[in-house]
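Next, two complexes with subunit A in common: one pairs it with subunit B, the other with subunit C.
== the complex of A and B ==
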């Protein structure tokens, strides 16, 4: 049984990690595309329109890869997590179906119109199609996060005698106190990823002395969007999320922060340290006293319950992975603010375009927002363990009892091979698009 | 479980079919990027729409008994989705950009 849970979780973790590479870019990039198109409508400067169309190509490649890698996710609910689907389908089916019916169709239909219909529609309608693509991609995030928010903090449900969850209050799904902070945090994080992608393409063009006019535009846009979104990810959205976890999942909060023993008054914030699960303490710890209490409750000496206050089987089952995921996310987020603030300073001083070390740094930082986004999701998902629906349905009760671990491992290996192929195809297509660059309009 | 893998393989075949068609018949090509995107959506559309006639991934792996004939039908329909998708999108594209 343990074996089956492990492989089911491993397969889901692998497929969702690979899948989330794509939507995190499309959600943020759609906002930047709308910005470029709006600038073009306002100023009639052709390079903004070229930029919007160039990034829509990158959007389309990512969107397509997101669709392909999203299909196994849909199947996995039925194959690996049949009991979970059977018990909670009455609730999560609502939001997942709305995601497919409203957001996906909105996004894909208007994406095609944006790419093919500029001449036919004229510029105002073309802008509108870009805006509807943005709306579709953010609505998609909203419905997926509504599903996840219900799993993290179940509301508006009733449990029948046969153990099935049914929806008692539809609007509760969307007024869930978990949803709005999670959505805003997630969307800002996706804008961070897109900003770094846009800025790094700009840095690449400037360093190669190729399409430098576009390079400067992309770099400037990426840096401005990057700094604003990096700050918003931390505060207020990240802060709001952390307070939600402290309120609704206090055991998870203790595990994320590495608080093994409840301190008498005022919890410290740990900057560096390694969880030692044998002696139940953090090794080689560097911490600042009372800061965590202040950040969480705005009181220096407020007590925060440690893991010693909870039953072991109520705590997340992989505390080191949760602790590291959370700290990697926070650490990288802090680095992003620093780098983007520095870049904005030199942009203001008109020196950024000639600062090769900073341009190289921005270019090579591009994988890290992806890592931060993914470790952020690991924090949410590992933190919810040992539950699928927090406090109500354990992960071990949600798997498909008839699917063997050998079967899951076989398909996992198949996914790894196919995703490697898709990953290569993705890199070739994106590389080709970036290499070709935006196509200036000729009149 | 293996059904999920089959659905991914058929999408890959749709990509290959659309790209091959674009390579052979240049007038339908959107370049490797466009052909690939159309291949994905064409094959998904065809498999989702027509697979219910009895050759969807679950029917292929019915009760764990692998049906090679149905797999071939599935892959052929997927490839057809990629090819017809390319032709259809090109027709729309030409009409929209007259």
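== the complex of A and C ==
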């Protein structure tokens, strides 16, 4: 039983982590492509159209990856989490089915037109199809977050005697107080990723001294979008999410902030420290008093419950991983704001294009927004433990009753092997596209 | 309300098999008949432009099944665990085969992805047929052994095969001689469908030859169909009951028959689209006849200990199903609008289309 749960969780974590590498770029990049297309419509300068087309190539490869890794996600609810699907399908089935109906159809119908149809349609229609692709991908984020929000903070349901959740109020699924903050934060975070990708390719062209005209354009776009989205990710959206967790999942909040013992008045904010689960304290701690209380409740001396206030089986089962995930996300977020603010400052002073160290930094920073996004999701998902549906359905009660751990391990190994291959192909193909670079329009 | 969603999901599934079916069929044709590089390129293109939007129908069917019949979704997906995951892997190989072949000009690179596309399409067609075979044959619900259930009565687990390969075994596996036959029917049907698609969508040099291929495959298909009717009776003796009680259901087998007979005249058919419609009828008729023979059962139990899974004992709540209908209608209207726009802009032979990468 224990190892069954373990492999199921590992497989889900592995496949969703891999899946989420791609949609975060899809959602953010579609916004930037629409932006380039719009600039081109307005001022008719070819380089914007070239830029849009170039990123469309990367988008297409990325999108294929997102689709092929997304389909296993949908089916895994049934294969590995059958009991969970049976009990909650009447509710989260709604949002998942709506995602297919309203976003995937939209996205895939217009993507083909956007890629192949520029000559057939003319510029205005081409812009419109691009915009619809963007709309589809963001709608997809909306529905998947509605699904997740219900798992984090269940609303609009009723539980029958046989344990089944039935839907009682459909609109509650979309007015869930967890949804809007999570959606906005997540979408901003995906814009962060795509801005860093765009900026990084720009820095690469400038440093390599090839295609520098495009390099400058990309760098500028990346830095401006990057700074705006990095700020929005932290404030107000990140802060808003943190308040939600403190309010609705207080045990999770204590664990992710690393508060072992409730302080009488005013909780401190931990900057550095390693959770020691034996002595129940943080080793090598550096913390600033009272800040956490202020950030959460705008009162310096508000009490925040620590982990000592909760039963052990109500707290997340992997507290150190949760704590690190959260601190890595927030730490990286702070660094992103710093780097992008610096870059914008030098851009404004017209010095950025010659500042090698900063360009190198921007170029090599590209994996980190991905890491921040993934650790953000680990914060959400590890924090929800030991529940699948917070407070109502335990993870151990959700797995498939008839699938043995040997079978799950077999498929897990298969997914690992296959995804390694996919990852390699992705890097090769994107590398090739970047190396070739945007091509000026030939008439 | 259950019946309503049953019909909607059946329609979405049938559309998936008609649309993505030609992609699988194209893969099979490509594997066995495409010889020159020019043909290979055109044929992969005829599938490559569309597989993504076609596959969404599968995603939609999955989502709707989850929403409307959660117990069935949970039971079937965990019970057919291994074949399902293998299908997911094959779908990945199919997709990357189509998408990546054109990325480099090296012959070796193209050969790898051609094989990936062709072989996975073939296996997928086989597996989809096998899946249908399993559904009509039924499974050991509850894992009953000597009257004792191993788990709840609406769950089961099937190994890939049982050493006897017999559909009548106490614990049948996914693959047995009956399901293999249905699998072969599916392969042949989709190959015909794919060949029609290639003829319809391309000017490739093998189009003439493909008509002969379709003719021969159709003979094979007729033989398999007749044979399967007999074994079907053996495996599921109740399969004609529904047709006796509700004679109008005969329309579904008739649809199949129209397609089958029509395709014998393939060489005389002037318009390519007519041949494609005939193979579409094969798919539509084949799936709907199987479903009609079982209704309202979704998955039969092969013993009396636990009841069949039906649309009634696996459905979500009445309220859930009816709100979903509201957004479902809006969704389908939008979908038809997209499809009309897409077809208006992307009709015609693919040879001339400007392939972005």
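We take it that the second predicted complex is superposed on the first by the 443 of 443 C-alpha atoms of A that agree within 3 Å, B and C clash if a C-alpha of one lies under 4 Å from a C-alpha of the other, contacts with A are read in each partner's own complex, and residues count from 1 in each chain.
Please note the rule applied: contacts are C-beta pairs under 8 Å (C-beta built on N, C-alpha and C of every residue); 3 or more make two chains touch, one makes a residue touch a chain.
Values in this document were obtained by computation on a predicted structure and should not be read as measured data.
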item: Partners on subunit A (subunit B, subunit C) - clash or fit; value: clash
item: First (subunit B), second (subunit C), both or neither touched by A:82; value: second
item: Per-residue contact with subunit A, leading partner among subunit C and subunit B; value: C
item: Touching partner for A:418 - first (subunit B), second (subunit C), both, neither; value: both
item: Which of subunit B and subunit C A:429 touches, first, second, both or neither; value: both
item: Partner chain in contact with A:197 - subunit B first, subunit C second, else both or neither; value: neither
item: Subunit B versus subunit C as contact partner of A:166, first or second or both or neither; value: second
item: Touched partner set for A:57, first subunit B, second subunit C, both or neither; value: both
item: Residue range of subunit C overlapping subunit B upon superposition on chain A, of 3-11, 93-101, 255-263 or 273-281; value: 93-101
item: Overlap of subunit C and subunit B interfaces on subunit A (superposed complexes); value: 57, 60-61, 64, 67-68, 71-72, 75, 79-80, 108, 116-117, 119-120, 403, 407, 410-411, 414, 418, 422, 425, 429, 432
item: Sites on subunit B touched by subunit A in the complex; value: 1-5, 7-9, 11-12, 15, 32-33, 36-37, 40-41, 44, 89, 92-93, 96-97
item: Footprint of subunit A on subunit C - complex, ascending; value: 49-50, 52-53, 55-56, 58-60, 62-64, 66-71, 73-79, 81-82, 84-85, 88-89, 91-92, 95-96, 99-100, 103-104, 143, 150-152, 155-157, 316-317, 319-320, 323-324, 327-328, 331-332, 334-335, 338-339, 341-342, 345-346, 353-357
item: Interfacial residue positions of subunit A with respect to subunit C in the complex; value: 56-57, 60-61, 64, 67-72, 74-75, 77-80, 82-83, 85-94, 96-102, 104-106, 108-113, 115-117, 119-121, 166-168, 170, 400-404, 407, 410-411, 414, 418, 422, 425, 429, 432
item: Interface residues, subunit A side, partner subunit B - complex; value: 57, 60-61, 64, 67-68, 71-72, 75-76, 79-80, 108, 116-117, 119-120, 403, 407-408, 410-411, 414-415, 418, 421-422, 425, 428-429, 432-433
